[in-house]
Amino acid sequence: MIAAADRALVDKLVLANRILYRYGVVDGFGHASVRHDSSPGHFLLARNMAPALVRRDDIVTFDLDGTALDAAGRRVYLERFIHGEIYRARPDVQAVVHSHSPNVIPFGVTGQSLQPVFHMSGFLGEGSALFEIRDVAGDTDMLVSNNQLGAALAAALGSRSLVLMRGHGSTVVGASIEQAIYRALYAEVNARLQMQAKMLGEVKYLNAQEAAKAAATNDTQVARVWELWRQEIGSIE
Amino acid sequence: MIAAADRALVDKLVLANRILYRYGVVDGFGHASVRHDSSPGHFLLARNMAPALVRRDDIVTFDLDGTALDAAGRRVYLERFIHGEIYRARPDVQAVVHSHSPNVIPFGVTGQSLQPVFHMSGFLGEGSALFEIRDVAGDTDMLVSNNQLGAALAAALGSRSLVLMRGHGSTVVGASIEQAIYRALYAEVNARLQMQAKMLGEVKYLNAQEAAKAAATNDTQVARVWELWRQEIGSIE
Amino acid sequence: MIAAADRALVDKLVLANRILYRYGVVDGFGHASVRHDSSPGHFLLARNMAPALVRRDDIVTFDLDGTALDAAGRRVYLERFIHGEIYRARPDVQAVVHSHSPNVIPFGVTGQSLQPVFHMSGFLGEGSALFEIRDVAGDTDMLVSNNQLGAALAAALGSRSLVLMRGHGSTVVGASIEQAIYRALYAEVNARLQMQAKMLGEVKYLNAQEAAKAAATNDTQVARVWELWRQEIGSIE
Amino acid sequence: MIAAADRALVDKLVLANRILYRYGVVDGFGHASVRHDSSPGHFLLARNMAPALVRRDDIVTFDLDGTALDAAGRRVYLERFIHGEIYRARPDVQAVVHSHSPNVIPFGVTGQSLQPVFHMSGFLGEGSALFEIRDVAGDTDMLVSNNQLGAALAAALGSRSLVLMRGHGSTVVGASIEQAIYRALYAEVNARLQMQAKMLGEVKYLNAQEAAKAAATNDTQVARVWELWRQEIGSIE
């Protein structure tokens, strides 16, 4: 038996679900998780439901194999393995967002890499990774629905902050819920800007040094925008 | 005389009208129907009105010829024949959505097929069908305003889930209201993604096996998003 | 002295202003007018203000020269001459909308014609007209700010339903307020669809016969969408 | 010690912050300032926070070096030097908006100039300036975070009304808060129109005379749209 997760962390995860919906990163599908604060071998994730509707009582604890400790019969997400296997492979990761963030999709299906168009997306300095599920498992339903596929996704992600999933969506990681949500939102913004810029002409992206420095500075400013998002969502009851 | 339709089914149809408006699949025009639950030779469809305003009392029962049983003098949609003839030709179809869903229109007028960009649109695995009314009836007002045109549209649809109507809009079918609404919404999303992806580069669509498997899995998840939509619409009074 | 305009007509004009704002055809600028119901040599137009804020008391009566009868010191629109000169040139026109409707602008500045992509824009069957103010008056502030420019714009419009104004916006006319508002909204929709379709491939527009027939049928359906818009705006107090 | 700023001016600055957020020019980031009404060597700017949340008490007074007079321990924006150095270099400027206004970004990263597509953006008649921070300071975090960078940005701006900042955003200036906000909003609109128009064909921009005349006329109309924005925001607490 493990200790109960910090109440404030659970609240932040609920809030994160609502923010992702409000900003169009998720619709009725997609999910966000956070690593358990006192048990790094576990993570918190909502039961199988629309992110916009998540409340505290809907948060379930999972081990890294994707087994629920306290689902109590409730359905869980088919793709919880995305989260478990990334937490296993990346000790630095504390939060994971999986979505079908719309402007990001065209990059995965054309095999193009997200690159940082502006300082807000410095976290894309290494570019996006690409996961081709067909290479790993042939013709599937496209879902990362077991540990083997989750591990393959985590391997594709490597040390990057975002992995495109061809014909499916993307997954973003962060060192905190706030950072992961920030990255998920600005990956979407960056994708739109990158598409527009490519149609206008040759794009001058941030170079590696600029991206790294911008990402470091922006990490000191995330609290500003998190406060805005928190007030916009209001009470999570 | 036929039995009254199930009250829950009528409510779902009212809800479906409101969802389609909320998500921009219909504006003041377009319509959704469902096959009568106890009389497969009849279907339910609102009277001639904007979908956003539909209430229970606005639902009328039609036979497959498009004749209203209980319109009681109220105007009916000029294009009810779309619904009747598809129900006649496709016993598997339980719900039909006709719309001018905006991102889908450019495909019909350029003769291009919708293809599944991501797993959410696995139902497009066979591609979209195309209906050219000019081939059937010469220069018309573009509306499917009689049984002959409805039958021609149903023939063009064939076994697919979506038919593009050149210079007009599209029609989507499903095995339930929920599935038809899901498909109408994600056809719109897929169309936008497909346009964007084509401008970025060569697009790798889901192949036939991937599409079929994704569609089968997604059908098990529709209840999740339907619950979101239901809560967003709230009371239909 | 002329008779007071019909109260219901004034209310419709107020409502029209609000609808145009709600649907993004106008922002803080742009204006809609209607010909006086009992004095065809006069028209009704708001005082110089944002359309979204117009109330009954803000409606002013003008003669076709653009002279206000009852402005009582209030500022009037610089471009009231658009309205007066079109009413003078086109006895069939009962309502005029001038806007900077965003998706329409790119057509005027590239000299391309709006064409009917779908049946909802059958009123574009003759294509859009183009007004190049530079040809008439050299380098100006782009505004139709006197009767001579208004008359030149009306001449450019000819018998069409819409005239593009290069580097400025567009003006749409109708046989009623409802029809003019309908056309202004669907001109905007059509423009977006036409841009998207052109990027996808060769576009098959409605031909002249299809457009004329579609326009005739749609005119019988405008009341449906007007009722929706009326309910969405609610009380105009 | 300097006199307190005019209360009405502070209120306008608060309102300006909210308007910029409502219209998507800023998100959680970006900032607007105004020159002090009785001390031209000072300016007013919010503390480090999301523009949408700014209230009267959040407004801080700075000197042109970017030193806060009354921050009282509150964090200030990293890029306050943008404002101070522009006020120093441009005595005609009374208000400055710095943002990551999305449609403007693609122009900066492709080295293309904003040009006036329509009369509403006559203030772009000289085209946009371009600031390449890499030329001034090598690889940075992209932020204008000291006086030297602020002065370089002001030099790049020159006599223009808008400067693109490659990989970052843009900065707009005005002779009043109202004019600066107007320009920030219509720069964003113009950018979208310019991108769309370029994809349609060869664009005929306003020429220099047209732009200058349009800008002069529009300045007489800003109060109209400001009144709309003021009512939309409502009470600022």
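Going by the order they are written in, the chains are A, B, C and D; count residues from 1 in each one.
In the analysis below, contacts are C-beta pairs under 8 Å (C-beta built on N, C-alpha and C of every residue); 3 or more make two chains touch, one makes a residue touch a chain.
Here the structure is a predicted model, which means the values were calculated and not measured.
Visitor: Taking all residue numbers at the subunit A to subunit D contact, is the shared part over half or under half, that is, same or different?
Guide: Copies use mostly different positions to touch.
Visitor: Measuring between Cα centroids, which chain is at the maximum distance from subunit B?
Guide: Of all the other chains, the one whose centre lies farthest from subunit B is D.
Visitor: Based only on mean CA positions, could you tell me how far subunit B sits from subunit D in angstrom?
Guide: 46
Visitor: I'd like to verify one number: the distance from the centre of subunit C to the centre of subunit D, where each centre is the average of its C-alpha atoms, in whole angstrom.
Guide: It comes to 33 Å between the two C-alpha centres.
Visitor: Where in subunit C do residues touch at least two different other chains?
Guide: As it turns out, subunit C has residues touching two or more other chains at 199.
Visitor: Touching pairs of chains, all of them, please.
Guide: Taking the chains two at a time, the touching pairs are A-B, A-D, B-C, C-D.
Visitor: Quick check on the complex: what are the subunit B residues that touch subunit C?
Guide: 27-29, 48-50, 52-53, 78, 100, 102-103, 105-107, 109-112, 134, 139-143, 166-169, 195, 198-199
Visitor: Provide the residue numbers of subunit C that touch subunit B in the complex, in ascending order.
Guide: These residues of subunit C touch subunit B: 116-120, 122, 189, 192-193, 196-197, 199-207, 209-210, 213-214, 216-217, 221, 224-225, 227-229, 231.
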